[in-house]
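Going in written order, the chains are labelled A, B and C, and every chain counts its residues from 1.
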């Protein structure tokens, strides 16, 4: 049912996006059309990824989910960078980190917890992720903030480039660690985990999944480019700041697909995948998408430094500390979900009033 | 013996408080009388609560202990708010958080640890509490500090109100979680825990306990109102700041009863109750008393925002990180108590010199 | 082989240091000679300590290693203090903390992890150390930073002295706890741990070890005094700041011996000793050397307050959070080592650009 709605939305949204932009419909109308179209396209990407994930197994499946959820965001961000909207990009990175860590994980834990009293996930993965969250957000994002307070723009950018390269190298090392040198080393034995994977049948074939992924990605790219051009008018009309658009709108639009699939996984008590989507996606944003955008920004006139505003940075740091503390025992329940959602609500009010 | 002294102190203190205030005795003398009277009344409230707690079992017992220890503080704070002393109130909240987390827990762990080499408490409760400490202090208190740096007073108050409501809702959700949906789910099996509860006989009957609680609470309210009026003169005479009075004097006077009962529990190796008093009380201050005072302050001319001074905030944040790290394994010893006390001493010196 | 090189370096370095300083060779040449001489002397101290450590067992062995690694640093720092170079001293303390926590531990975990898939160490010690790291760096170093922002110099120094005394007292209490009241209480059983200790034979006798330690320490003191006098010229010539010299050069020169022995221990899978050197040494710097230098500085005209620059402080705080998160489970692998090294690299670039 939900899938049908998304299918119809996509098949209406893409042509409408093209027609509307050619006929110069009002920016606010187009903003809404673009957002809905991206969300419905994301859903296609999500379903295609899901089909691939079932074939590939839970670990790679979660990785695939995270990657293509973030592909949408990467595309939007590159178009925003080309327009010189570095603040919007940094804000949307913040929004993705907060959205994944607090909203996606919070909803997953909460809704999963309404059905199951205690839900468990691999505690080794949780600790591995905790270390990376602290490395990426608390070390790699905080250091440039503090060190560049009295630095000129050139040195600030140099520091950001250095950190970006280190982040990407460590991200690749983490993949190498997980998939090659320590594959299966920290496996927690679980009843029927492998059985589950075999029971399910993918919705689409591998070939069809990849085709849909490719087409949907191209369509998202086209719509994203147009979306970015509506930001200024929308911001003015609603009295929103670029920051708010980046943190709330772009982050929610860009991550809608992941939100949905993580919650579904939690509801099926597949917490390993739900956590992999929420936290894995956060790590990919912080350790791969963000530094990649710093490097990509060098191709454009205005380079983007990895220097967030103080509210953005502190929100991410406190969100990480909260998540590390909550995920540390490899167990969740509805109240832990509620705590994450409450933290998201507090930050949401804060960014709205800012 | 100690109880007798407190009884005599209360029976002398209350009439002296009334006579002295009518005859306009010197403010400094009255300040001392008021403080001692409140401490002795707190002791009555503590004994009444203890009697109720024995009947109610360890979990609810700890909760009762925390509630009525904080009742005194809530009363003092409301009178201070009516006088527009928002800084004193914020300082006394800080003082309570630090006092409970570092002084009460520190003394409990230290003195309990002198008798027992290793003391254990429920590690699930410890982790649950860690999550809440981080949520309340590191998210809910830090966010307004950072976000309101460039905000006007009106928006600052709006943010504080929003956060206050979220804190109270989550606090109630936490009670619902602990007492309803997950009651006993995380119980660690212990030898003779239930046996102990039955062995003890309450000092007073339930009826007598409630009567004494009610009368003592009223008396505390009366004395607190007068106490608040002496702050200005006392501060001037001793060269103390309002901050120091709030953090040290009000916090110690307001929490004396809890201090005593937590240490006694630790000495009896009932660490679950000692920890529940120290950390549970901190959480009640941060998630219930503080936000309630924000809402109550709206009835008075000067609304209180949840924006602490930087030294207050950083002290609480570092105290939380220390406590989370120390309590995380569900075990204590004398050295962990000493570490908490050393942290309290450092902050005490800091606030004194401020 | 390596030992021979160090022996030759020491026997050439010490006379060269004396001759060069008498003949007023260029400061930059002498700076290099002094640094290499200190490193080679450190290696002697390291070997002597190692010999003593084999006799004394792993716990005391690690302690001895840490102590004499830091002896070199303490000596350099005292000469720098006498010259009024308080900023260099604070920077070198920062450099030691970062060097031990990130570089030494990072290299140990990384290189040990290349040989062994999973390496384990005593999880109780890890948690004990985590508590102390948070106490020392996050409480005792952060509090003066925040509290003294509006304080005059006199009060700032008073606060530092108070904190210094508390740190030293708690450090001694920690030794008392580890070696007296709770010796062996938290021992994790391991196969052949004791067997290993007996197999090894010390390189030198206890008497020879102590003699070499004494002579090398005196030589280090002499060279260090001269080294300090070259800082100004070297800083000017290379366009480095005092900060950079302190954090990078002094820290690496002063800790070279420890670096080497921790990595060797990790390679032999003796992770308890490797961790004891890295983290134990950090704690000794933070809880003993730093406060001792504050007290020693009172003998000189310019007293040293325990107030780091913000980049120094934030680097140490984030390094501690990272290490606490990584060491918390009592296990390491090559990737955790890589993460620590990546954090060190980020900070290194930051301090270089500062």
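The working rule: a contact is a pair of C-beta atoms (placed from the backbone, for glycine too) under 8 Å apart; a residue touches a chain by one contact, two chains touch by 3 or more.
The UniProt protein names, listed by chain, are A, B, C = Ca(2+)/H(+) antiporter.
Not measured: the values here are computed from a predicted model.
Participant: Quick one: how far do you have to rotate chain A to sit on chain B, C-alpha fit, nearest 5 degrees?
Facilitator: About 120 degrees, rounded to the nearest 5.
Participant: Do the two copies chain A and chain C share over half of their interface residue numbers, or under half; same or different?
Facilitator: Comparing the two copies, chain A and chain C contact each other through largely different residue numbers, since under half are shared.
Participant: Indicate the whole-number Å distance between the mean C-alpha point of chain A and the mean C-alpha point of chain C.
Facilitator: 40
Participant: Mark out which residues of chain A touch at least two other chains, giving numbers and ranges.
Facilitator: Residues: none.
Participant: Going by the contact rule set out above, which residues of chain A touch chain B in the complex?
Facilitator: Counting only chain A, the residues touching chain B are 117-118, 310-311, 314-315, 318-319, 321-322, 325-326, 328-329, 333-336, 338-339, 342-343, 345-347, 349-351, 353-354.
Participant: Taking the touch rule as given, give the residues of chain C at its contact with chain B in the complex, in rising order.
Facilitator: Against chain B, the touching part of chain C is residues 127-128, 130-132, 134-135, 138-140, 142-144, 146-147, 149, 151, 155, 158-159, 162-163, 166-167, 169-170, 173-174, 177, 181-182, 185, 324.
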